[in-house]
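Following: one structure in structure tokens, then a few remarks.
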Amino acid sequence: MSDTPRFEPLDNTVVPRYAGIPTFMRLPYAPDPTVLDIALVGVPFDGAVTNRAGTRHGPREVRNMSSLIRRVHHATGVDPYAHCKVGDAGDTPVVPMNMMKSLELIEAFYKPLAAAGVIPLSCGGDHLMTLPIFRAIARDKPVGMVQFDAHTDTGDAGYGGEKFHHGTPFRRAVEEGLLDPKRTVQIGIRGARSSSDYSDFSHDSGMRVIYIEEFYDLGVDKVVEEARRVIGDGPTYISFDVDGIDPAYTPGTGTPEIGGYTTHEAQRMLRGLRGANLIGADVVEVSPPFDPSGNTALVGATMMYEILCLLAEARAGK
Amino acid sequence: MSDTPRFEPLDNTVVPRYAGIPTFMRLPYAPDPTVLDIALVGVPFDGAVTNRAGTRHGPREVRNMSSLIRRVHHATGVDPYAHCKVGDAGDTPVVPMNMMKSLELIEAFYKPLAAAGVIPLSCGGDHLMTLPIFRAIARDKPVGMVQFDAHTDTGDAGYGGEKFHHGTPFRRAVEEGLLDPKRTVQIGIRGARSSSDYSDFSHDSGMRVIYIEEFYDLGVDKVVEEARRVIGDGPTYISFDVDGIDPAYTPGTGTPEIGGYTTHEAQRMLRGLRGANLIGADVVEVSPPFDPSGNTALVGATMMYEILCLLAEARAGK
Amino acid sequence: MSDTPRFEPLDNTVVPRYAGIPTFMRLPYAPDPTVLDIALVGVPFDGAVTNRAGTRHGPREVRNMSSLIRRVHHATGVDPYAHCKVGDAGDTPVVPMNMMKSLELIEAFYKPLAAAGVIPLSCGGDHLMTLPIFRAIARDKPVGMVQFDAHTDTGDAGYGGEKFHHGTPFRRAVEEGLLDPKRTVQIGIRGARSSSDYSDFSHDSGMRVIYIEEFYDLGVDKVVEEARRVIGDGPTYISFDVDGIDPAYTPGTGTPEIGGYTTHEAQRMLRGLRGANLIGADVVEVSPPFDPSGNTALVGATMMYEILCLLAEARAGK
Amino acid sequence: MSDTPRFEPLDNTVVPRYAGIPTFMRLPYAPDPTVLDIALVGVPFDGAVTNRAGTRHGPREVRNMSSLIRRVHHATGVDPYAHCKVGDAGDTPVVPMNMMKSLELIEAFYKPLAAAGVIPLSCGGDHLMTLPIFRAIARDKPVGMVQFDAHTDTGDAGYGGEKFHHGTPFRRAVEEGLLDPKRTVQIGIRGARSSSDYSDFSHDSGMRVIYIEEFYDLGVDKVVEEARRVIGDGPTYISFDVDGIDPAYTPGTGTPEIGGYTTHEAQRMLRGLRGANLIGADVVEVSPPFDPSGNTALVGATMMYEILCLLAEARAGK
Amino acid sequence: MSDTPRFEPLDNTVVPRYAGIPTFMRLPYAPDPTVLDIALVGVPFDGAVTNRAGTRHGPREVRNMSSLIRRVHHATGVDPYAHCKVGDAGDTPVVPMNMMKSLELIEAFYKPLAAAGVIPLSCGGDHLMTLPIFRAIARDKPVGMVQFDAHTDTGDAGYGGEKFHHGTPFRRAVEEGLLDPKRTVQIGIRGARSSSDYSDFSHDSGMRVIYIEEFYDLGVDKVVEEARRVIGDGPTYISFDVDGIDPAYTPGTGTPEIGGYTTHEAQRMLRGLRGANLIGADVVEVSPPFDPSGNTALVGATMMYEILCLLAEARAGK
Amino acid sequence: MSDTPRFEPLDNTVVPRYAGIPTFMRLPYAPDPTVLDIALVGVPFDGAVTNRAGTRHGPREVRNMSSLIRRVHHATGVDPYAHCKVGDAGDTPVVPMNMMKSLELIEAFYKPLAAAGVIPLSCGGDHLMTLPIFRAIARDKPVGMVQFDAHTDTGDAGYGGEKFHHGTPFRRAVEEGLLDPKRTVQIGIRGARSSSDYSDFSHDSGMRVIYIEEFYDLGVDKVVEEARRVIGDGPTYISFDVDGIDPAYTPGTGTPEIGGYTTHEAQRMLRGLRGANLIGADVVEVSPPFDPSGNTALVGATMMYEILCLLAEARAGK
């Protein structure tokens, strides 16, 4: 029908890339995201951080820089907008001063998407946000995960008994039966830890932890191979924390750890996931107040695009 | 009818101020701005500057900072959204590398608004943009103008014969019969000039030029009185160049001149225009790349709000 | 006794001002602050903000910039360290992801100080922190207050029923019997509000609200006179929110409002409080991530020094 | 003769590197550049950009950072000032608001240089500037080119028919018979494109396009070998767009694309061109307003120096 | 003669203001400054600071921002270049790691200027630089001085006996018979001091110290009157430390003190010195590394221009 | 005894990482550092730089960012605080305007440490600071050194005869018999030099110079092997200049040279020194004013931690 909205980026030869109201990828805003195949969602919440805040501004600044991203992938030739209806679903509601309430609101936002079969690609926000997304999309069956990150985020309660903070989402997700640790791979882990048992849960639960040293020893191709082996054919989620990348590329994040991989290496790993059974993804921990050059937000936007191409193929292939 | 869109800012207790897709004042985007009473329009063009560029990014960053602006004016009690339908009309099309073509596109954008009786409140962009707006709204009858500015912008052709640049809009507007110089007042003029006759056109054509020295000698109240005398009851446009304000407040602009008025003084002057016969306005020359703290964009957004309250009363009163 | 620690700033001719471990005013760290007359305390919490976070970093950066502050006041001649034992008490414990728990921890930190008769001068942190300080020091008898601020911070529950956030501390303080509204004066209030009844509580409870317009109409001397009239001789607290000052001076804050007073005007008002019955104070809402030049932190540090001189005289006079 | 000016950098043990009037490499300003062997020229024009402006400030900031560059190459031992007379020829005239006129002025600046056999090494400015340089130096015979870039810049008319913008110089240069596509190699191409046929002109005209993926697969040495094969012995121009490098190194550019090569890899490639028949070069797209740390300008200055060493050997060898 | 160089700013309609090699005011570089009437000189030295360094970069960045300054004064109508030959004399030699040697080199640079009757207008650099300038120009007869500053800079030896640092130039100058304290006025003094006798030398030697409080109480006109009374008709030097101005305007300085005057007030005071017997001047303590918006350098450049107009009239009148 | 202070980092679950008074690694301040096994010392001096200053602020900002560093090394499992008493010894006294006096003060600070057998791990400050440290710890027997650096720092007198500046420490150290050139390896040397004989002293004295080109040709493992061969079993010092790393990672330094190694490569090299006979170390040339993202200070803090783990094992093993 002629009045179906076309879910395509604004034409940059009419409205230049720096102009217009900044939505993700210059796509139309979809107040009812259930009409989409893939929903780009912002989660403007950083109340679970233990260190520097600021990722509440991540979705807005990633939207801003995503204006630079064009439509056809130069290496794979994929045009995600030819495959799927993709739109900007806006930001989830949150209550800045109430983390537990915010977790509920985030979950509630994703539930109708899950019910409608819409694949969510989210932009954070601190890493705890993946937990309520899992609660919305993985209640029935635990998902597998490829996690790009400097930290395992499988820590335990701290700060006098706080079970929920941005260092604990994946321990909680396993405990709640949302994440299958045997089908989880964590890539780029590094940085001193508070105690010697910090990452024990990852190991004990059966996650595959690829420390940055092993990453460099194996090389990108072997790491991809190993990740594909771990996730197998089951439904898989990509969680991309920008602090997995070296902070020379992504200084704008709350808990930077030096000595990470490059953006090119990250892009290659993501492309290596083509054909996997992908059912959702997020890019988290972009913190604009610590990003003077804006490069972190550009990296975040580009990683969203790389993942969008994967999701579009996955969605179209079903 | 129930499905008429409500033109009100997003509720910040549901979507916090830093969240959501940034439109002007968190208002709905109005793809068809002719349904509005007052249209907030971005003009993302800086191709007419003679010095530092960057105001092409002005509309986007003013939108961003305008999220901080709430709805009811603390001093006057005006709630513009109770009076009028106000929305974000998006950005005008422009061609970044072609100034003359951009002037046409800008004019074309405003013509339907003028035809529909919609009052435009625009955000630039460099100051030449006021010329095509005048061409769209003042063809029938020249308007009066209150211009807040460090520069008269009534220079002549330069750079080897260029008639149109951001130092010439008001000479051109007078020549084209769009602006009534006798009903024009320029407030805050200062800064060394390239030659001793730079501002002669303002004086010769009968504009009232209030240099910054006279501004301080008179004081805000007398300046307002004088401005009201000049513009009288006729249709009047407000053109607010942020470089009229001192660059301690608004460093993010292309041609800063030290020694200007404060934001509070500017706010007082604007409020002094309550009840004037206002038919449009703009806030121009916000240049985010030179605005590290973001304060210039915040000033721009707040001045837009101050003016919006004036326009809403003017529109509602008719 | 010879081994009593001397509570004096580091000698800058031995350790230059930019050097050394940055404590408030280069004073000794006092792990047991009950030995002090006046305790400088950091409250690194910003979990109650409704907009931009970052004031959790306020205490550290104010400490950093306070290295520039020398000891003898140039206008009054007061040397606070000659009057009183003043030291840096460190930061209160907080739990970043749990506001309610943090309020308890903050209160618990101040209780022994209150019991020991130590006057607290605190550095925030968001403005809700004043509430737990009041709970520690004003349980017995409500205090009066001179509040420098752009906002009344007497709002009500929002965000789906949140009673506690950085816009509500003084409504809660009145309700809890900690703050005497009849002896409260708020100076510099401005900025559009979400609804027309936002500040009603201030007015209805009997606070004296001096909007910025009245501030300019009265002038500094009359404002001081009025403030002195309101607070009278009773015990009085100074709460200095840096957003009362114009954001040209203090851009590094979460909720900037243009059109405020200057730092010189603020200094004059503070000095006008000499001789008042002062029993505590705070400087709040310094947000370093939004303060590229560092000037906001310098303003915060200098205001702490101005207040310290007042408190030292008050303490010594008793 | 004793009064021949010596074209050597200022002695840094008399005037420290941060001091003095900043010319390129601290060399003398040559108001008559035809006396030089190699002229360092600024082209302060960014009116052809389709996205973020700012490269108009490139020449000035690269001059500023070039003060850090010393004279003898550490790896090759080349001292360019021992071989050739090298000076700063200043900036070309441009008309900021008129792209077509600026193209003429730029061309006119280079024609006398070409006539005098002076090799130009230019600093931009946006990439369209290479076109008028080619018009001045390659009218008689098309040149070959080694292009370091993230983009092919062989796009076609856009924005409603604009043939000339910073995405089209090399299509235009081929059409005008100035550039030999068969002797052109483009290294580092990447980034999503607006449509699937964006780079077709490069391929169809016979240019050798080395995408970033192929760059990494081949390695620096093989890429150099391939570049040398393509350009052969004919006269060759180096065009170095700093966005070919990863934006972690060069964030200050208008159209950054993540995932590029490192500066060390770029230096190695440049050094691999020793002995080629080089007749001119440029370093373009340095945009200081987006370069908070100044590193992009330092990279630009260092790449100019690396190329200067090549040109000096080439010039001296003839 | 036709080949006498014309000492006029570059024509901005040929070379735009942001372009070209940045000399002070876009004037020609004068390698032999003795041909000038007024020499603009950079002193890139900050080795005498006791706190934050960075003013060694002052001259370069002030040159950069001075490109924005046009030629005819808007309020007085003075065109300095019509009166006098004014040029950029470059930077004095200095030895960064040797303060005492640098003082000698600075003095040696100014001696030929003094011998040739050239009026120096200098740009610093830290405030100690005024001492060697005085040694070059005031050996015969002590000068009077109008000093704009937050600090008296009449401190004594410190740091274990260092007589020379940026807090002592004017005590040393009086002791050396270069400065007449009876004809010295210091305007804007403020800020806590290390001990209560810090400014005693100013008072004891007979300088007129106008603290910032007195400045505001008197108002600009009376302060000017008082300054004129103090300096009388004798030869007078203007020393303008940008920290006299409030750091909201000039954050980029080593020892900022909040609560200073505005740039407009400073401009008015300078203009009030028209007709005084001025024989030299400097603008000091611009520290670009602490000046993210560049406004401090712009203020420095504009103050240089205001002073240049005074000096040009003074020089032409003799 | 129970009242022996515990030299352990603050518990981050009580005081979050961004909170508290920033000491190195959140360790206790040790006013008497002779009680320690390893003393972390700041040297806030940059008076020996020949270019951009600012490293005087290095220790403070490295302390600030070191709050992010946790305690147990992720790759080696080392917990330095389990092995040794480690504390923050504060900053050495310095006289900002007197380099020679500062060298004496620095040496005097380290002598008691050396006498007490405390291993110093220092944070600068410019690189000349290593010379007075050597004078304190290596008078009896010259040490070997692993130097990470872009520059050999073995230059000779310059600037009119200055023997001591930040380009000469290691020539002076060899001449004074403090450093054994045969046991010295310099890794990462690069960048054009002022004359062709700049590094001759390194070569002539027998140091092993690994230029960056050789670094890349050999690879990290072979470079480590070579470094171990050079230093052998004798007492060895690590001097880590952050400009050895590429300025994409460490822009905040005075003399950046593009084309360096990555932080990961540096970490690998440091870890390769496990088991060496290490007797002290420093991390130098962190210059916060040129470090807008803070990443340089984070790199500096992390390298201090990597080295601390080495020193702790070395100290514990004796």
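Each chain gets a letter, A, B, C, D, E and F, in the order it is written, and its residues are counted from 1.
We take it that a contact is a pair of C-beta atoms (placed from the backbone, for glycine too) under 8 Å apart; a residue touches a chain by one contact, two chains touch by 3 or more.
Note that the structure is predicted; figures quoted are calculated from it, not measured.
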Pick out whichever of the two, B-D or B-E, is joined by more C-beta pairs in contact. B-E
Looking at B-E, A-B or A-C, which pair matches C-F on over half of its contact pairs by residue number? A-B
Would you kindly tell me how far, in whole Å, the mean C-alpha position of chain C lies from that of chain B? 38
At least two partner chains per residue is the criterion; list those residues in chain C. 16, 18, 50-52, 56-57, 96, 159-160, 246, 248, 290, 292-293
In graph terms, nodes being chains and edges touches, is this line, ring, star, complete or other? other
Taking all chains into account, which pairs touch? A-B, A-C, A-D, A-F, B-C, B-D, B-E, C-E, C-F, D-E, D-F, E-F
In the complex formed with chain B, which residues of chain A make contact? 14-16, 18-23, 29, 42, 44, 56-57, 59-60, 63-64, 88, 90-91, 93-94, 96
What part of chain F is in contact with chain A in the complex they form? 12-13, 16-18, 68-75, 77, 79, 246, 248-249, 262-264, 267, 292-295, 298-299, 302, 305
What residues on chain B touch chain D, complex-wise? 46-54, 56-57, 95-99, 101, 159-160, 162, 164-165, 289-290
Can you tell me which positions in chain A touch chain F when the two form their complex? 50-52, 158-160, 189-196, 198, 211-213, 216, 246-248, 251-252, 255-256, 258-260, 290-293
